[in-house]
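Working notes for the structure below.
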């Protein structure tokens, strides 16, 4: 079985890293990597070769690979180059995958989207969203702390006392929790909201304060946030108006799978914030939790920075690539039998069915 | 001669007290036990040499008796397993009770079943207590060893019967004593009454409370020894018996306190039912108390903490760090086994343990941990659940089958700290809790560890 | 009533001693750590084997021909010795673990 | 007494902030502020006015102010506009002040450089270097952490374990210590070196590890680092070669007052560092502790970021302005008598003499 | 009648033991004191009513004597200041000793200065001990109250003289007793010897060790009471005296242990000189021990920590957090006064306290702190120095004159935790350490606080 | 030697009692916390005022005309009472602070 790793065009990550390639070789796979695919992840071609991979061209991969890996999906016009029956592992964003799926189906390939794995204990080792959200939450706070023209921690110095900064985290999923932990570490006062009841304990378990809004709908079975009623959102907004205008940093990490992200931070709220404050919106690719967010841009509104970056995991690209590669490895292990072929007994399996978006007829 | 023997007896009493004192301190307990043994040995010697009115003496029988007893005692005490000690103690106590009863019987026979009222009251009391201690201890033994199950011995109105019997026995005692002379029939009736009371006293008490009962019966045996001392005018018996009697009662109360119960509720509470409510719903788990865990930890070489989401909820990380310091100062190797999905976000445990300033070197990841756990004496699971669930390995129908877990099957002893038998995130029951080498310590993790710490400081 | 009073004052010395001993027993035990509950129970159980002395004293006064009494007392001696010797031995084993502390 | 605050041209800070202006007003000073002087510090003209200051033009200040404040010194050609006898408080960098001093002397003004205050306990409340170094050390780590394509903390996750990053701090002065504290907070493994012996305890008191190099010359009386012998530097270099090549982040904060900063991180060292590593050089304005540092630039050498920014305090400009303003306030209080005139009994005073670089004859 | 009185005396003995037991536990000590008082009251009553051979009785004198004594006792005990308690106790003990000596004298007079050898030995021993306790206590009182200075009483070869005198006194005692009859001269010589020994015994011991000495003398008085009990055949006196004697000796040993000394070194060590070495170099600082500090903390309403660079060096922040938890659970208000330049970098204290998870609300900056400190019961300075140096306010020649500091002059009590008298960063001496309301606790800050914590748990 | 032995065995009961009392005294005190050292010293000092009983018993047997003896005993009573009453009162004051605990 030959695994091919493409160079990414819209992302810094790379699908496999040397350490994982070694493990794959041991299993019996051989790996070919597009030249300079690792450059943005700080991995040289030589590093890949040292790990046992071959460097080759993109065409080469399309021609030879039985399994192709690319963190971001291929451009639509490249799908037709895929070998019939080959396995294509990527990270199709859940709310756009349907159109792509049709094309892949037509091409007759297996396609798996690792971001659609269910949030169960057993699936966690293949769960790309978990890995990436965790990095994003961590980096969101660092980015914000770097941008904030203030200390986060309290300081009593001979040139005056400095109050600790307030950090407000919206959505205590994986990213939100990591953000809470990181902000706490830096000495900020941290508050968070979420609609899922159990997050209250989770927030507290990291030293954060939980702002409670009653009447939330609970999460779906798969553990993804549920869409909330208008009334609830209004209530929440009132409570949060105050919280947000008092915050120095707002981390937006509330998403609902497959739909637009809930808008929670409105323009008025932003306008009541202190000058110099920072909003990091990790939901920007789904419209953002902040009304003013623009995806992949940093907007400055009324002296408030609003960073729309759903791909902050790229800011820790070395770790992000490694984690992704491990996720891929674990996933391949899970879906393959000892012959490295796809197991046939998985038709009922939740992980398999929810991540598989195209099967060759 | 007599004077010297009297003084020897005096010395024996003093030694006995010194022995008991040393027994009550862990550092010197072993020595105390020896001293007490020497004291009693001295006492026995004196009792053999002491001039008596008649000089039948029967030395041969005495020597034979002592030899047989000593051999049985030594052999059986060396054979018994460490875990069966409480059974052994209750058996021994039963023997002591019977011996006291026999002393009374012999006294009665030697005195032709008659005597002053005061004497007779004392002798009958001794007989009564001796038989109660004897049968009671045997039943306790049976319950502890599992030979008798609580359900075999359900008695209705046990409290009522208990009190009635007691009143009857006391009345009989007084009545017979005043008469000044006992018929054999009377004696047999009285013995039967005593045995019956012994049965009614212990039978309804639940197996879990047996340690308390044994301590109480032990105190009774002490009192019989004291009475025997009065009967035979021997100060060592008197004082030794009184010491055992009084310390036994205090010990009983302390044990009740450690279990958070009152003595009355133990005796009359019939609480084999009230106990173990929540936990027994889900099968038979074994609980451990903080004090026993503390001693186990102090005397082990390798301890491993397995933190989970519950540690985060309880915010127990700093207390765990304290435990680490205390145990490390006791030369215990102390590590942390971090399961990759423990907690509710990647690195949850890392963040918290770093907050408590726990050195990175002590953190083991899954693979290292599974090696380590195979040679660990005690693994303490602090609010983790799914990540130590052996169904992931053993039960192909389980939701989490195939997930790598921290494997505790080879660990000598596992203690799980959680508040209830509720499942964790995955919502499934955990067979680990029912394994042979697993014990549960219910309660908030932080509070439990604080209790352990307190006990450790007592050691 | 008066005779009880008489009894008490006659034996006042021994009563003093008894009461003091009771106190001493309380005092010695009351501060022991939980970990010693079981060994102490076992140790004091061994001490109650002191009743053996009673059996010895009585058998020495027994008519060597009175087989019933002799055998009863003999049994008493055996049981008492088992209690005493076995008790101390068991306690010793339990306590050994306190000494097993490394280094 | 009228105090004038200029708009800065090379810095984001502003000389006084509203809160301090109120305190000055109470003392009897009146304050005039150049229009938009506070913009980069997130202070609006209106905020100044609300605190009792007047907004005016630059010329106005030159004409009316008895005391003028500017964090960075005025351009040389503006010195001639200063009123004779007026008091000019600024932050002349210690190694360039001599030329300026002559011009100021010629103009006949009082000039005080707040960065030249001695490092004594009593002077600390006026010590601008302390305030700014502290911010710089803090921000240096945040900047580095944001740039580093990795987590700083250790993580054991289902997609692989991540080792904690290593941070190496050179020079455990105020900036270095703050950097150590901040990196520790973020979960990194922190090592530090310094030539002063007492810093060993100081580093440890923050949880860092101290790398010892024997034979260092001790600091000057005033507490500033001393110039070290060549031999010592060589020894140090050898020990540090290893430390640096193993580090993910290097924070350079070793300076020696009045001379070029010691070069400690050489090109070879940088070239042995892992790709993606980050060097923050806070000594860049004095040549830098790293051979490759360029002042006010971020150089990427061999995939290693080398940030030369001696003015990182600007990254927390709100706090920086506040602290500077407080330093100024404390200094004014110290050198003035109740009539707000300069005290005449200070000719022997260490603080006064070392910070005063020009007196009107 | 006599029987009932005997029983009453028995009850009094039991009450006395119960009282003493309760006295040894802080929670019940006050009650224990009352019970012991009742027991002795009962004993006195019985001694008045008890039938004696002669019936001169002299009741009037007895009543007058008791009344006078009671009035003096009550009034003086209410007048004395809390801080002068130890002096008071030593004075009282001296009275008790003299009373015992007087009892012996009266006995001798009543018995015409003659008796059996055994009796005489006992009486003379009582006389000796009584006078030793009397004079010893008076000297101890003098030393404690400062009326006698150590330097007034330098005696060379004191140990030698001490032992010689003791041998002489014992020889005299035996010699006189065997003769069976005492002349007045003999008696006077013996009394003189006793007083001399009392003087030689206590005089060379340093003022700092007086509490131990008083405890020892107290134990002696107890023994005299016991001997008086034998002389007059009174069990309560005998038992009470023995109790005081034995508990006094244990107490003395415990006190020595708490001071880390041996009893012998106290008596013969002449250690007024070995003591106070390092600290006294820099003038007179007062030290406090962790146990006294613990009780002071437990019973105060507001405590304020003043951390400095020393806290950072000792890494004591987490231990301080523990102290906070313990004291807050005791309803003590607990704050932190953060001086802006404490430590070695801006915000040094903030970073460390945040690491220990100390709430931001509890941190006071300079101004808030100076308000708060004026109404604080105990301020604990943890390794800070320059930032609490009052020279900054008081001494215009000081290097740091004019620097704002944390002002502790209005704080009721200040305790400084540091390792030595060395100065801090600024290199200057700190007059705070010599102020009246300041006490020093030398040692590593973390270790000191751990000691305090341990003591707090005993309370 | 023999007479000493005789003396001992004759008074064996009282010796038992004495020795047990000594143990009791040790036992009661040995686990007290440091903070109680001073109050306990003061309390046991008060108890040693029990010597007052001796003075009372002796004065009752004294010839009312023997002024010397009477006055010595009288002084003994006064001193003993001061020790007893003053001692308990002082101890009480010291111990009050343990009760003063807020709430």
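All chains are identified by letter, namely A, B, C, D, E and F, in their written order; residue positions are counted from 1 within each chain.
The working rule: a contact is a pair of C-beta atoms (placed from the backbone, for glycine too) under 8 Å apart; a residue touches a chain by one contact, two chains touch by 3 or more.
All of these numbers come straight from a predicted model, not from anything done at the bench.
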Chain F reached from chain D - shortest hop count over touching chains: 2
Shared interface numbering between chain D and chain A [over half = same, under half = different]: same
Comparison of C-E and A-B by number of C-beta pairs in contact, larger one: A-B
Geometric centre distance via CA averages, chain F-chain E, whole Å: 19
CA centroid of chain B to CA centroid of chain E, Å: 42
Whole-Å gap between the CA centroids of chain A and chain F: 81
Averaged-CA centre spacing for the pair chain D and chain A, given as whole angstrom: 38
Residues of chain B whose C-beta touches two or more other chains: 17, 21, 239, 340-341, 346-347, 351, 355, 357
Sequence positions of chain F contacting 2 or more other chains: 16-17, 20-21, 23-24, 27-28, 31
Chain A residues counted as touching two or more neighbouring chains: 124-125, 130-131, 134, 151, 155, 157-159, 162, 185, 187, 207
Complex contacts: residues of chain F adjacent to chain E: 7, 17-18, 21-26, 28-64, 66, 68-70, 72-103
Residues of chain F that touch chain B when the two form their complex: 5-6, 8-9, 12, 15-16, 19-20, 23, 27
Chain A to chain B touching residues, read off their complex: 120-122, 124-125, 130-131, 134, 137, 174, 177-178, 181, 185, 201-202, 204-207, 334
Residues of chain B touching chain A in the complex: 309, 312-313, 315, 340-341, 343-348, 351-352, 355, 386, 392, 399-404, 425-426
Chain C-touching residues of chain F, taken from the complex the two chains share: 13-14, 16-17, 20-21, 23-24, 27-28, 31
